[in-house]
Amino acid sequence: MRKWPRKNDPESIEARQEALGLDGEVTAIDLEPFARAQEMLTGAAVIPVSVVGPIELELGAYELREPAGQLEETGRAKETVFVPLAHTEGGLSASLYRGARAVAESGGFRTFVLADRITRASCFVCGSAAEAIELSRWLEGEEDAIRAWLEEQDDPSLSKFARLREVKTHVVGPMCHVLWRWTTGDAVGANMMTRNSYLLNMGYVMERAPVKPQRAILEANMGGDKKPSFEYFQSGHGKTVIAETTLTEEAVRRVLRTSLDDLQELAWAGTHGAIASGMQSVAFTPASAIAAMFAATGQDLGMVGTSSMAHGAARRVEGGLDVSIRLPGLEVATVGGGTTLPYARTWLELLACAGAGKVYRFAQIVAAATLALEISASAAMATAGSAEFFRAHHERGGLR
Amino acid sequence: MRKWPRKNDPESIEARQEALGLDGEVTAIDLEPFARAQEMLTGAAVIPVSVVGPIELELGAYELREPAGQLEETGRAKETVFVPLAHTEGGLSASLYRGARAVAESGGFRTFVLADRITRASCFVCGSAAEAIELSRWLEGEEDAIRAWLEEQDDPSLSKFARLREVKTHVVGPMCHVLWRWTTGDAVGANMMTRNSYLLNMGYVMERAPVKPQRAILEANMGGDKKPSFEYFQSGHGKTVIAETTLTEEAVRRVLRTSLDDLQELAWAGTHGAIASGMQSVAFTPASAIAAMFAATGQDLGMVGTSSMAHGAARRVEGGLDVSIRLPGLEVATVGGGTTLPYARTWLELLACAGAGKVYRFAQIVAAATLALEISASAAMATAGSAEFFRAHHERGGLR
Amino acid sequence: MRKWPRKNDPESIEARQEALGLDGEVTAIDLEPFARAQEMLTGAAVIPVSVVGPIELELGAYELREPAGQLEETGRAKETVFVPLAHTEGGLSASLYRGARAVAESGGFRTFVLADRITRASCFVCGSAAEAIELSRWLEGEEDAIRAWLEEQDDPSLSKFARLREVKTHVVGPMCHVLWRWTTGDAVGANMMTRNSYLLNMGYVMERAPVKPQRAILEANMGGDKKPSFEYFQSGHGKTVIAETTLTEEAVRRVLRTSLDDLQELAWAGTHGAIASGMQSVAFTPASAIAAMFAATGQDLGMVGTSSMAHGAARRVEGGLDVSIRLPGLEVATVGGGTTLPYARTWLELLACAGAGKVYRFAQIVAAATLALEISASAAMATAGSAEFFRAHHERGGLR
Amino acid sequence: MRKWPRKNDPESIEARQEALGLDGEVTAIDLEPFARAQEMLTGAAVIPVSVVGPIELELGAYELREPAGQLEETGRAKETVFVPLAHTEGGLSASLYRGARAVAESGGFRTFVLADRITRASCFVCGSAAEAIELSRWLEGEEDAIRAWLEEQDDPSLSKFARLREVKTHVVGPMCHVLWRWTTGDAVGANMMTRNSYLLNMGYVMERAPVKPQRAILEANMGGDKKPSFEYFQSGHGKTVIAETTLTEEAVRRVLRTSLDDLQELAWAGTHGAIASGMQSVAFTPASAIAAMFAATGQDLGMVGTSSMAHGAARRVEGGLDVSIRLPGLEVATVGGGTTLPYARTWLELLACAGAGKVYRFAQIVAAATLALEISASAAMATAGSAEFFRAHHERGGLR
């Protein structure tokens, strides 16, 4: 084959399959519904999905209050959900199930969305730091004007769903980095904020700035797009969510086979281990749960690392152990991208999270499921440290 | 339903599907081959796969030299591969293709495996720092004895594939953290090193240590299992791989529509942006390529974040721009786990990477594909900063 | 001696000196002027001071614009200063001198103050994350009321110099961390903001919060007081200052004995080395210059590490190499604390920086001196890499 | 004055003093003993010194075991010391005193040196990553030969006190970073390892490497010289020291006016605050104590930030609260540099730490004093959160 065919018409698809000698199951699934999802479509990957529940949780309902776009809690309700997990890691589903059961017996999860912002970080390279500082000062004074200008554009490339909320500048040498912070509705919004940021950079900043930058760079790494960073960990990128529960002594003993003291000591040692190894996050295994939920529901798997940034904490309280996880930037969607495709759509529907107005709900369910796995995985570490557990398993022959 | 059925026999699977009201495509795929992959199996997720190529690369062949387990390069060969990408991000496959083409015109990729180690980080909590220090000193002197002991165990829980290579201790307060560093053959080896580390902790350390620790914790976060950390970024976790190419002026101009100077300036601004935002990695979008390769080939998607830690660099050299990416810990497998399952197995076979003796090859192909996307995504940023590009797109109506 | 005397009356001082058998020079200096500077005064330390110059710089004049407290540049002027350096590191003064000379021949330094804020980070521990979130939302809505309340207090413990500017909350588990951000005039202001924050915590938050926290902690590490952190590196703590210059080819060749290309390549390698080792800063040796300026002028030496956080950058521009350093949080004072004491006062006066209204000037001079040393130290690294330099020194016998 | 005089003969010193119009106390101190300490000597800075004690501690005695240079503990002994603190921060000495007293009543400090290594990080820039990898492999195999070569040099620039212990390489792009790890006796050794590393770079590597690097850079930021980094925090730079104590309930109540529970809760909140703000260290205010000890004893004040990197931990144990601090890289000396000068020498002598064979002792005393302040400062935070404390102070009028 002289040139690799790149279209997604049936002939091109078949040409690629033939050239590679592919047949059998990977080419047996109907690719037609995926034809616009990506280029050079050739086959399919299948990941088995478990469904785990019941997960008992108390969810918040949220709305953005205009014009500033602060997030407001408008209600809370208790619910029971079953979560789909696409993965091939033996034990993961069973462990998450066990965690969910311990929490259900302890009164359920409580979940909260704290913030909703996503950032595209452009950079304007000027002739000197002096010029970059001048640009930065101008931009800070221009924030309202920029927002107004953007609202009145009818450029077809502009997305009306992505609304500019704040502008932050950071000057280093001759670079004026600009963090455009957006809300993007029920989509993650990477593409829409890219288009809008690009329009802002070229149509507004490069045209009107008192200092003409030598170069505009659409993304220069300050925003955290698919790259964990401290900025991301602290300021978020997507939905900032907290899931919490108060584990009872009884549930921990009966379901998790350990004790509150053991869990607390593990949290202490694990927190110091995280510090000793230079983790920006502090948690045991949030990525396992998040990847499994993302793969089932059509989320962007390139965002597993960032969305799994987490800060867990445990504290003895009246009645048990308060455990919680803070996910500073869950990059989740219930519209657009992979969420509209077959399979993914069905799994979102199972959660009553398909379509508009569902993204805060979905983010909270993901956080609750993540905490369920955290709790159970921690308990396993605690149990494993005991001599009894070791002897029992050692004699029986093998852990698993 | 009073209790959620947890088995994977056909009746339990069907009971779950019915209870959830699931039918149609998600339950249509034969789940039987996946029955041992995870618990509470209920349906399937499908991700479309593109195949992109040709990718021209010069690969190293590697072997572990026993007994110490250093990695040795035993040969190098040029090859052409086509890579499967499972994702739903429009533009990703086309961009990776473009990057691969620019590299092919520049003479291809060169890839290298630098190291092969994976760590399970246990923690022994002692009564004081004094005791933890004593334990640490003892462990350092015991390294050879530990290795010998492990070799002679015939405990059925022990994995012979996971071989202990180094032992490192790190004392903080009364905690003696221990980094057990392993090689695990062609598997990622998370489970095997867990089992062996557990045996070491309970069967050796807790039995023989001159100071009896109060508690052994199997994993206390220093190892980097599914959690990005500086320790991970520097010392690796899996295969440490570098992919490199020397882009020619001509290829950059013709294929990428930008210039060497523009790419270099982008690398400079992006590096400083990464620093300014507290990224431990420095790269543009490695997670996109890695997630797509992982999803197609049955890798652990919970490891996308860690495996995407990266350090890219660009430098003008005679004949062009040297660009490279260092992936300190690619957690990839060609045997075990998801790699043995249908679909995944086929995509690995397409790469001639299925089964034993293939993991270094696979790691290098992943690195090359990742660099292909890095190059093209960077070029897009560079082009986008120009007024010509803006005007053309603006007039045409929309970027995409 | 049964109990260590702790007062600073002449008898107590003498009692300590005798008990320790101290005499000679350390007890010869008159301690009377230092009697209120610290407890258990017993003797003196002397550090030799060099004076290096001329340093040619263009400084900005700045004012806080009330009521919001943004920093505004009100003018710029060229000046020549000589800087006092208290230290015992051979070569440091000579190197800083060389850097200053190269810059003078290149047209001088340009310095800028970008921001002025200092943070005290309290923490309210609540009964649950739910309560901490409620507290956080209340605090965000209370910002104006808090400021007004503080203005009208006439509590004698309150400092009127420390003015509250912004309030930021950060919830993790049941903790509601609160970053109280202040301006503190020409003092560093650690004590004044401590007193005011304490009053706020106990007199306002603990009294009025809709959720009664279980505990108020005055400082719980988010603020960056004497501890480098990413938050500090990005958001500052004290004065955020940039110093910049454009080195000419001629000055670099004649004074620094290297070339623009060599300096740029060093900046590139040093930046990547910083990333590879997990530095939050990127610079060569800012702490050397800052410690020497601090020791001479009565600044808090415990703040050397934080005030030395730095982000340097270099870029080829028309006419030379643009080099700059960003110091996100210079914790400097021209009133209060050690600046009022003998010796320190004299060295501040030499810079025309003693007393009120001088702190922005002083911060800029420190930044310029720091950049002078950066440039010269970098040049030394560049020269040292050449074979000629090595041979010359090797034959002569010794580097220094 | 046409040119700034740079010599330290009496005429040049006087010429500078006159040109600057300096007289009075800053020029009254005899500068002659400082004439070789730095260039352009012009006057003096004086910092008042308190002496605080008794500090009760159990110290280890240590030796390097040749040829590999591991640190070995050869004995332990109890001692009482009084520490000199040069600073002007009201309250610091009193607080450190209070902490020391609480520890004395709890049985004293126990201190340990864990390691002794200091690193100079050179970088060889090659033509490609392929070449850098080749160089790296060669260097790893050359370690013994390099050490032998160095031992037999009689180059006058070589320091025999600085002995090469380990060699570590880290390849990023075409850069082969090399961490030369040394022991340097009782000096910090920055200069000696610089000279030896330079000789190695130019005389060995550049002469013999199978791949000729394009450039050798003596220091490219991986080593941590005066710059805090994660590498520094984990692997150390100087002496790695731990100080520990077990606070009793009684001592905490009587001396510190708080409780073990309050201290533990503070440690918990402070640890999470540190994580939330991206601190690489976890401690309250180590830099205050370290700067004061450094300024009194002639240490390098530019190393205050790095030497203050710390990892504190607290845990309830039988009989009280185990509290400890790990200082990964105390850069201290008892010979050379500022330690030989008047004043500094006297303060070192007070500690029985002047001269050869004293550096491990000195490092442990610094660590104990640092922990004394940590404990007292933490207790102050704990007390301050109580309503009683607030009311008492508020009514009396002012905290301090």
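A, B, C and D label the chains in the order they appear, each numbered from 1.
The rule is short, and it goes like this: a residue touches a chain if its C-beta (ideal position, glycine included) is under 8 Å from a C-beta of that chain, and two chains touch if they have at least 3 such contacts.
Predicted, not measured: the structure shown is a model, and the values here were computed from it.
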| item | value |
| --- | --- |
| Chain pair equivalent in interface to C-D, over half of contacts matched, among A-C, B-C or A-B | A-B |
| Chain at maximum distance from chain B, centres defined as averaged CA atoms | C |
| Computed distance of Cα centres, chain B from chain A, in Å | 19 |
| Distance from chain D to chain A - Cα centre to Cα centre, in angstrom | 41 |
| Distance between the centres, which are taken as Cα means, of chain D and chain B, whole angstrom | 37 |
| Where chain C touches two or more other chains, by residue | 125, 170, 172-173, 175, 230-231, 233-234, 271-272, 274-278, 280, 282, 311, 313, 315 |
| Residues of chain A touching chain D in the complex | 230, 233-234, 268, 271-272, 274-278, 280, 282, 311, 313, 315 |
| Residues on chain C engaged by chain A in the complex (per definition of touch) | 110, 112, 114, 125, 127-130, 133, 136, 170-175, 230-231, 234, 242, 244, 246, 278, 311-315, 317-318, 322-324, 326 |
